[in-house]
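Per-chain residue numbering starts at 1, and chain names A, B, C and D are given in the order in which the chains are listed.
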Amino acid sequence: MEKKRINKDAKIVCNVEIRPGIFLMEVLAPEIAASSFPGQFCMIRAGSIQGFDPLLRRPLSVHQVNEKKGHVKFLYRVVGRGTKALAMQAQGELVEILGPLGRGFEVGKGEIPILVGGGLGVAPLLFLAGQLKGRRAVAIVGAVTKSQLLRLEPFRKTGIEILVSTEDGSFGNRGLVTEVLDRLLSRLDKEARNDVAVFSCGPYPMLRATHHLCQSRDIRCEVSMETAMACGSGLCLGCAVKAKDGGYLHVCREGPCFRAEKLSWE
Amino acid sequence: MTKGGKKEPDIRLRLGQLSLENPVLLASGTCGYGNELFDLVDLRNLGAIVVKGISVEPRTGNPPPRIHETPCGLLNAIGLENVGIERFKTERLPWLQRHKIKTIVNILGNSVSEYEKMAACLDGLEGVHALEVNISCPNVKEGGAAFGIDPKTAAEVTTAVKRACSLPVIVKLSPNVTDICEIATAVEGAGADAVSLINTLIGMAIDIRGRRPVLGNVFGGLSGPAIRPVAVRMVWQVARTVSIPVIGIGGISTYRDAVEFLMAGASAIQVGTATLVDPGAPEKILHGLIDFMVRNNYSSLDELIIRD
Amino acid sequence: MTKGGKKEPDIRLRLGQLSLENPVLLASGTCGYGNELFDLVDLRNLGAIVVKGISVEPRTGNPPPRIHETPCGLLNAIGLENVGIERFKTERLPWLQRHKIKTIVNILGNSVSEYEKMAACLDGLEGVHALEVNISCPNVKEGGAAFGIDPKTAAEVTTAVKRACSLPVIVKLSPNVTDICEIATAVEGAGADAVSLINTLIGMAIDIRGRRPVLGNVFGGLSGPAIRPVAVRMVWQVARTVSIPVIGIGGISTYRDAVEFLMAGASAIQVGTATLVDPGAPEKILHGLIDFMVRNNYSSLDELIIRD
Amino acid sequence: MEKKRINKDAKIVCNVEIRPGIFLMEVLAPEIAASSFPGQFCMIRAGSIQGFDPLLRRPLSVHQVNEKKGHVKFLYRVVGRGTKALAMQAQGELVEILGPLGRGFEVGKGEIPILVGGGLGVAPLLFLAGQLKGRRAVAIVGAVTKSQLLRLEPFRKTGIEILVSTEDGSFGNRGLVTEVLDRLLSRLDKEARNDVAVFSCGPYPMLRATHHLCQSRDIRCEVSMETAMACGSGLCLGCAVKAKDGGYLHVCREGPCFRAEKLSWE
């Protein structure tokens, strides 16, 4: 029996701009807080929208949960009208929310997880990092420049090892997160490579680079994919991405977290 | 049953041989095969579910991107991805049967004989209560124009399907025609038990940064609130032209929209895009409709219809 | 001229004999006769204005309500209210002439001879730069179906208008047809210098409290952002079918929308409903278009077009 | 030469709910404040709307102006999505505004104006009352019940005579404003009837009753009409109402304030 998804209007606990154009929103949704796994997402729409434009809810990854309080956090960038409307919502107002949705990251029991997040890609990874407390694990988080690094403190609090990089070298390692990953993976011997698994979220080129780095070393890699979604719940078949074997996979059901080798990276 | 002291309205209806408990149906392609909604909607509370269009062979569908949001609308070019009739029967139908969900199977084909084959294959199956024939598909033998844009081919498909089965047959009309009444009349003449309308309007969008059509398939079908005025108009016209029941579809998102179609002459309605946005929408629409009828002293669906 | 160090793009264009300074036009019925905008828009900055449709005799229009908002759209049933050709010439045209505004006169009729008469009457008048022929009007002699839904009558109107005048003739196509390319081809064959599309989609709305159609005329024309995907699709199809210039119309509200139509193959665009919402919209669209072209190194309108 | 209309984004100075569902909004629009006449209106849309639904701006009467500060006030009821979106706007946010529009009330030099406003109908009348300072004039304002009376204090401050009525008698006279008007007009002798003119705004049945009361006594009457509007500026011809003579009048240009006898009251 699958887990029950929740479809409701949830109250906003807080919704603050933590960087220019980047918001952290916390909503009261106890059932979703209790049943979400890292890598899963919700479909969300600002309750303040008067009318049918924008029409669709938007997919956002679950960023953190507080089961006790029943809170769920989302970290999002204002891109277009849907996220703009969300950003304009105040504490106490409502959002329409459906979730948790999709297949999250699957971390094997004995695995040493390496989390790789570029930019907003850290959104689902903080939730994952939080669940790895006490385990051996590394998170590589990066951004273009120091001021764009997101949520470093909460990452540090999880207790797992954090490697930071910026493209301009203004903080941490200079370079792309994938370059840090490359160096890290290169240091591993064959046996260690069998133990680690990479979990990655970010822009498509970053995911592809991550996949190739892992593939060439035979390291298990999961990526969180993005596509336009109408329903997020398997009804419309709109979220197809090309599969390795020639057919299609549906990001909202078979994903958003996929074993990278299942996808076509052409 | 009474509601706030007033009598609960009778919202049952008949579509040919098929009787439904209420007029709120789920539109094909927006509710999967039902089981995708298992935890979100109790489908037995709705009039019926029209499952995703089924073809003789499985189809993988169109290359992505397949969907694109437009003002108050949704463009889709799913490309009729479906599991094919065999897997539908073995993998999907049993769940619908087991849960006693009133199921209408939407069928599509590229030739009259494909439609006929599907109808024969679904005839008499437990759990299949009616067929909805999607005639917006390309007629491969005749140059690829849709069956539904020509009264002759639309009637041919209808005749073939009726001949091949004893199920109630609903023909789903395309709005991309000059005169939808002409098509409706043709399929009525060919024996259709009901017509449903509208399917999506053909549209497209261009990615101005990428300098290319947004959708992998170039063209897509436009659905959602944007198309509602066109759909209401066509339902109004068709309901005044044919004597068989009309099922209204197109942008229905609230109970008020549903009432609009029922007043225009529809016997039932289907909720499509609104279910994608909010899976709770169909049930809200049903309850809103009942409340509206109670508030305004309508005792049956028939009384809603505006007769001129 | 340069803009931010880059060369200002060449946005002039020709529609047959008519040359325009830029591709942003005002659509008929949404900008009056120009003088209504005297204090809000400098019309000389825009490509041209297409004035409210003119008929042989003045018309008082349809009974109210005439307009109704729908999701991202506007239903209108103005009923072609206009001052008639004589008063247009004496009361309206002089203002347009005096202000040197490039004027395209939209004409409508209930018979081929009415169209012909209008064309003859406007031929050679100072300040009339072209005609736009609205063929979405009922052909009274042939049972009231619109001229624009039949290639034969569409061509007849075009031929008559071309014969009666030496002005550039733009034929404005109705989207309420199965195959708009067929109509476009017919009017091209009959000598049209350009086609413009789309006119409004036929729609309606019902007042569920009043139990009657909202509009006094029952049916109305749907315009606005809601219809844009349908319009872009038709422009794309027609631009790939005819060799004469295509003018894109339908829901254009931002420069991005305008770019979409120009990439789809339009030589120019018209802004309709957006002007009603914000009379500043056409100028914003024009400036946004120029900025877009500068930013992306397009040096002419032609370079925008996607050629497959 | 006609007055220039202004089309701009104006900042909200304040926007408060003065009664359940009734808002008083003040915007900074000096040119509109300087050029508006009582009875004119603006087309307004909430700047917070992300998208094209609701599509059209909404007509609202100019309620008060403060030329010095450059402020324009509107009094509005939340009816549907357009006004709901307006109500959700906060101070400092923007509204799209076009105005002043239409033909306002025309008060003759020697006339003794009687203002009649039911419910929200007081919106344009307060502006008119304010301009009558020092003149002999009466305003009859009414509502269903005491708690729904609007803007009594500002009306009092204008210094003109104020008659209040409520349908349930909870405040002032019991009855409809038109009943108060009827009694007032009945007391006038023939000569006095020549001097007065009635200016009325409110629901259609109230306007019709006002018209009939005045017509039977040969009293000049102007009414402010409402219709759906797309443009408010004479472009669309959508705002037609039936004229006495069989044709149509356009509320946004020939109105919204009409001499009542020009309209068809069938």
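In this section, a contact is a pair of C-beta atoms (placed from the backbone, for glycine too) under 8 Å apart; a residue touches a chain by one contact, two chains touch by 3 or more.
Since the structure is predicted, the reported quantities are computational estimates derived from the model, not experimental observations.
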Selected pair, greater C-beta contact count between B-D and C-D: C-D
Separation of chain C from chain D, taking each centre as the mean of its C-alpha atoms, in whole Å: 36
Euclidean distance of C-alpha centroids - chain A vs chain C, Å: 47
Overlap residues in chain D, where contacts from two or more other chains coincide: 51-54
For chain C, residues that touch 2 or more chains besides their own: 71-73, 224-226
Chain-level touch network, classified as line, ring, star, complete or other: complete
Complex contacts: residues of chain D adjacent to chain C: 2-5, 7, 45, 51-57, 96, 98, 227-231, 233-242, 246-248
Chain A-facing residues of chain C, complex: 71-72, 225
In the complex, chain B residues that touch chain C: 70-73, 75, 149, 176-179, 201-206, 208, 211-213, 219-220, 222, 224-230, 232-233, 236, 251, 256, 259-260, 263-264, 292, 306
In the complex with chain D, residue positions of chain A that touch it: 48-54, 81-82, 84-85, 88
In the complex, chain C residues that touch chain D: 29-32, 36-40, 52, 60-61, 63-69, 71-74, 76, 78, 81, 224-226, 253, 273, 275-280
